[in-house]
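What follows is a single structure, written as structure tokens, with notes after it.
Naming follows writing order (A, B, C and D), and every chain is counted from residue 1.
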Amino acid sequence: MNNSRLKIASLELIDITKRFPGVLANDRVTFDVKSGEIHALLGENGAGKSTLMKVLYGLYQPDGGEIRIDGKSVTIHSPTDAIARGIGMIHQHFMLVDELTVTENVALGLKSSRGPVLDLDKVEARIRQLSQAYGLHINPKAPVWTLAVGERQRVEIVKALYRGADLLILDEPTAVLTPQEVDDLFATLNQMKRDGRALIFISHKLHEVVAISDRISVLRSGRLVDTVPNQGVTRAMLARMMVGRDVLLDRPHTALTPGAARLVLEDVDALGVIGQPALRRVTLEVHAGEILGVAGVSGNGQRELAEVIAGLRAPTGGRVLLDGVDVTSWTPGRRTDAGLGYIPEERMHDGIVQEFSVAENLVLQDYDHPPMSNGVFLNFGAIASRSRDLVRDFNIRTPSIETTTRSLSGGNIQKLILARELSRDPKVLVAAQPTRGVDIGATEYIHQRLLEQRRRGTATLLISEDLDEILNLSDRIVVIYEGRIMGVIAREQATAEQIGLLMAGVAEGR
Amino acid sequence: AAPVAAPAGGGQAAATEAAAEAESAGPIRVALLMPSTINDISWSQSMYVSLKELQDELGADKLEIAYSENMFNVPDAAAAIRDYASSGYNLVIAHGAQYGDSLMDIAPDFPDVSFAWGTTTRTGKDQGIENIFAYEPRGDQAGYVTGVLAAKLTKSKIIGLVGPVDAGDAKLHVDGFLAGVKATDPDVKVNVSFTGSFGDTALAAEAANTHIRAGADVLTGSAQQVVGAIGVAKENGVPWLGVQADQSTAAPEIVLASAIYDWTQLLRDIIAMREAGTMGGEVLQLTYANGGIRTIYSDALPAEAVEAAKAAEAGLADGSITIVVEPR
Amino acid sequence: MFHEFLSVATLIGIANSGVRLATPYLYAALGEMFGQRSGVLNLGVEGVMLMGAFAAYYTVYIGGDPWLGVLAAIIVGALMGLLMALISVTMQAQQGISGIGLTLFGVGLSSLLLKVLVGSPIGISGFSTWKVPGLNSIPVIGPIFFEHNILVYIAYLLVPVSLYVLYRTTFGLKIRAVGQNPEAADSLGVRVNAVRYGTVMLGSAMAGIAGASLSIGLLNIFQENMTNGLGFIAVALVYFGGWRPLGVLIGALLFSTVNALQLWMQVLGVPIPSDLAVMMPYLLTIVVLAVGGQRIRQPAALTKPYERGE
Amino acid sequence: MQRFLRSLRFLELALPIAAVLIAFAIGGVLLALLGANPFEAYWVLISGAFGSVGGLASTLTKMTPLLLVALGICISFRGGVINIGGEGQIIVGALAATAFTLWLRDWPGWLLLPLTLIVGALAGAVWGGIAGVLKARLNVNEILSTVMLNAIALQLMNFLLRGPMLDPAQIAAGTNIAQSEALPRSVWLTRLAPPTLLHSGVILALVLAVLVYLLLWRTTIGFRIRTVGLNPSAARYAGMPVPFYVAFSLILAGGFAGLAGAVEVTGVSHRMLEGLSGGYGFSGIVAALFGKLHPLGAIPASFLFGGLLVGANKMQLTVQVPSALITVINGLVVMFVVASEVYVRRARRRAGREAAEASLKRESSTPSAEAAVP
């Protein structure tokens, strides 16, 4: 409390232990962060990062250890408590109410200056101030459901700033951002750091950690491996600390001669969720044995593109061809049977049934084909043996094939979907954000499988907002902007700068 | 009716003995099953109240009463009838037309128990069943007298009738009412509406409102739902004429008359016949003639109207008036 | 017969009836709307209404002022809401079924109390019609809207009040947030379950008044199971109204006006079987919704109990 | 481990029983206040429902429509739709079955009876299907439409039973009791234990419970229904016609309720009557949920719930308490039993999580599983 404006000069977590039934999520972890510093936290999925932060934010009570603010021992009972002490948190999954406006989201839970009556005009004015000061570009009146992912994250930041967060926890904030958005975010974070705030930054992307942080701590299996200053560390070193072994970070790309065009889109138009034109005269071809990368800022028609190909959204114009056959009017089921595989963007929501067992989810596409069924009755023997094979082949970490899928980690759920789709040996594969939020071990594995599929002649459409991923895997790259294809670039000629410009709508790459 | 000699059959022996024992030693035990509740201020209440009166008259040691309410599901009622019959009750009253077929099944199994069933004229005698009394309140007579009274009371020449459904007893009542009005003053118009159920008080209330707005200055109706209509009538100071039970509890100031069903004599008759050895097979009616239907008049009624109504009562009683039902 | 039917007096009569008949639906459905907006489906409205109706009736019966009766209905309603919240919010029971349980409980208890405390129904003097001075002499409008008992007026006042509470107060903001994304609300220190207790109790208190509007407003008596399914219609009207106060108002008015219309048709002798006439409002409600093709989405967390850390 | 699982199972059994006991305890206080002996009353309730051949037969008779409705509810809830239209579907099924039989009364029973049951089921299916199609095609909420359809079915019954379908004998006698003509004996379901009402419909219901179990968990159709119910958007991605299955779930649910109506007509009342639906449309939901929405679980659940209803009637009869008190106790039982489920759920989740973690630990400690990338 010595600083009149900032409530937190330093914060220490000492020997924090948090146990869940059967798991030691945090095992005597010691961690600290100071005013004017960005401290990164690294670790594989399930290493205990989020748990540690939730302890700090009052969502969990630790089983052991203590929290000190400015040297004084404190107990944080609840998020409200944390907020009052100047701690803010941006969760791995956004905590926004879609149906409310930005202003309402910010005002939620705050005391109003008018007692029981809302004072949204005041909140709105302050939001404008904050977004000016930190370059956040937010329209306070917009309902959240109309916002793109990047904008939503900025709303989260405003929420925290509005509540006077002097210490801000960001749990995987970049997982869903484009490079430009990441740059903007980093500018904001640096601005906050200059203001004297303390920041904790969690990410699976090593180059980001190296780019933004002052110090880096690595967790593995609930224990702190080490805390190192961000000087002279390399990505390879960090990866080794995290995983406990060497990791292949960039995959050598071997040229293959692509075959015939397997997926063709001709002049496809489509409308988006709220009836806006989302795709405009999209024309593209994906050949056998080729990965075509689709780069673009989120919300520029990627979702609609994937859905039109999968048959989940009817185009308002144009044609979709699979192996030369016009499938524009086909149902999704018929397309799948004809050899289309699809890894949806929202894996929890669209890709699996959370309450189903692993086995049931693994046969979600093929349950009605022999040998899984005779068309009427399911054959559990066949389903089980196939599921066991897939769990083994794709290294899905699950206690058994009867386990409910909900209890798997995100990375393993993604592997499950991958297993389901790739095991059908699809002729055409649409992979939307296949590694979003997945740790480097699993990412590496997924990339490897996609490339293997390419060798086997699958035509893959890879939609990703992770430019590194696109550059690493694609044979050719198209950029989508406001529903239009801005240009096609061969991998050899592609540079991040050029693609970045196209993504921003500057059409000169052709 | 041939008196039924107790069959000396094997299976029924135990029941026979039990019944015989109950008969000689204890009180007469009566069980009552009804589709609504004992406080519905109409159909079920009228029977329950009569039974109670009879009990007061004879003494609780002579008449024992048991009842089951809300037996709107017929199989449930059938189960209850069977239970009462097999647990030593001497007379089981199935107070609802819908119970008849179940009763026809059950009664032959319990020759020592008498059953009573209304509204009906069927005793099952034609099928060889000897232990069912059929009873029937002449709702049309009750309606007729109320109709006469209503026609005398109305100044606007419009009367409103709030019915539950256009069938059974309710229909009988409506038909009689219309005939009574017609006979008294052919110029009077009766607006009839039905709510579609026996218990929709809110809709019945609004129906009353509608009638009043449509010019009615006298209201009547039937079933437990009418409490709603009576409330509205009271609010608007419009006279109400009740049927079945004494509805003046709901609003003494405007319920000017109730044509009530008084089952006491009918019950007495049944009990007497039973004691004389007639287990069933008779049809009994509630009529003005036998005092089963009585009209209670409020002092607030004009003498002339009461006179006309009483004349109608007398005419119905001596048969000089016959009710002519016209198609509606 | 038809010219009579189309007369101005008749049309005014229909509208007047419709306005009054909508009263219990308005109280109950607006109350239910609050609960549902916060994520709790209370199918027990019917039982709560009956308990409220009896509480108000009995208060007046033993000599209390009608306003005291309303207070009793509110208290009893809120207590029933507390029970519902305990079971559905704290104990996380499946909401559809706990509501059916609450309905049975209310139907039974109110009828039992009537039997034990009163016996057969006895009329009381509740609220009487209060013609709003001045306003009631406006032609057409006056007779339609300003010739009712006070509880009718209050029901309509509750529409703007509900709008205000829902969209202009911090409580309303919390309700909307909790019903859509309880996790997000929780992360900002909004006490999700406390809000739900609040809305369920508020909604039940309003269902209690809905009952009172029958027993001491419209009918001046209590009768076993007198709501006769009205509570379920009220729940349906919340869906019809798309969880918005104005939608609920439109639904309630539509439903009850058609009901009034069919009553008038019967009274004036339009030749249609009464059973089919009674069917009309139900049919129309479905048809309107089907034709209107609603695109409204229900509150995302509706019927989903909240537990932190899931 | 074993012991823990056993105790979880114990909890699953013990908790609902404890909940019922608490409900009974409260009801007991009310009984005592009304001057009845609660212990006697409950003894009558239990022995009345299960303590004699007659009681057991009544319980099984009540169980039949409950189970049939509950089976439909299992399907529709698994398919993600809330069917509270059981009452209307029962009525429509019973009406159609009655009309059909009376129309073709001279056909031989071996042909007419199955056809009658099918017609009842079909009529219920149509009634449920209206709500289903409205939801699937026009996004009309099924809670709203089924509530309305219940009221419409009721009035339809009023109309038919007082007009076109009114028993000619009633017209002749001038009594006009709202009931249909009696069905020909050829379609009466066999009575299993005369003089009780128990009829062969109970066997049909039990067989169907097994079939519904097979349908839901052993067939591709069931797989689709469950997928659509749990996650319609994943179902869409997996190529399932979601709107069809939404409608289909309600059609099947309506079909079962309609069949319940037909079975009541042919098995119990032998004619169409008012009050025939007996609240089974709602009690069936309760039974289904007590049975954890599992068709086989619905068997004991509807047996017990049927017993509760039978026993309660006995209690009214023997102890002479108002029927309203029984409604109160039923309400308390329903509320407390659903409320108790949370503890079972929590315990089960904890057990499942522990098992998962334990086996994960075991697995990750073996070297083979660790080698993610060769």
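The criterion applied here is as follows: contacts are C-beta pairs under 8 Å (C-beta built on N, C-alpha and C of every residue); 3 or more make two chains touch, one makes a residue touch a chain.
Because the structure is predicted, anything quoted here is derived from the model rather than measured.
Between A-C and B-D, more contacting C-beta pairs join the chains of B-D. One inter-chain figure worth recording: chain A and chain B are separated by 75 Å, centre to centre, where each centre is the mean of the chain's CA atoms. Separating the CA-averaged centres of chain A and chain D is a span of 44 Å. We define each chain's centre as the mean of its Cα atoms; on that basis chain B and chain D are separated by 36 Å. Each of the following residues of chain C touches two or more other chains: 111, 115, 224, 273, 275, 278-279. Residues of chain B in contact with at least two other chains: 37, 165-166, 196-197. Within chain A, contacts with two or more other chains are made by no residue at all. By the definition of touch given earlier, these chain pairs are in contact: A-C, A-D, B-C, B-D, C-D. Within the complex formed with chain B, the residues of chain D that make contact are 54, 58, 61, 154-155, 158, 161-162, 166, 173, 175-179, 182, 195, 197, 264, 268-271, 273-276, 278-279, 310, 313-314, 316-318, 320, 322-324. Interface of chain A with chain C (complex): residues 59-60, 78-80, 83, 89, 91, 94-100, 104-105, 107-112, 116-118, 159. Of all residues in chain C, those touching chain B in their complex are 9-10, 13, 16-17, 20-21, 24, 111, 114-115, 119-123, 128-129, 214, 218-221, 223-228, 230, 259-260, 263-264, 266-269, 273-275, 278-279. Within the complex formed with chain D, the chain B residues making contact are 31, 35, 37, 66-70, 72-76, 78-80, 82-84, 87, 97-98, 100-101, 105-106, 109, 119-122, 136, 165-168, 171-172, 196-197. Within the complex, the chain C residues that touch chain A are 168-174, 176-177, 180-181, 183-190, 300, 308-309.
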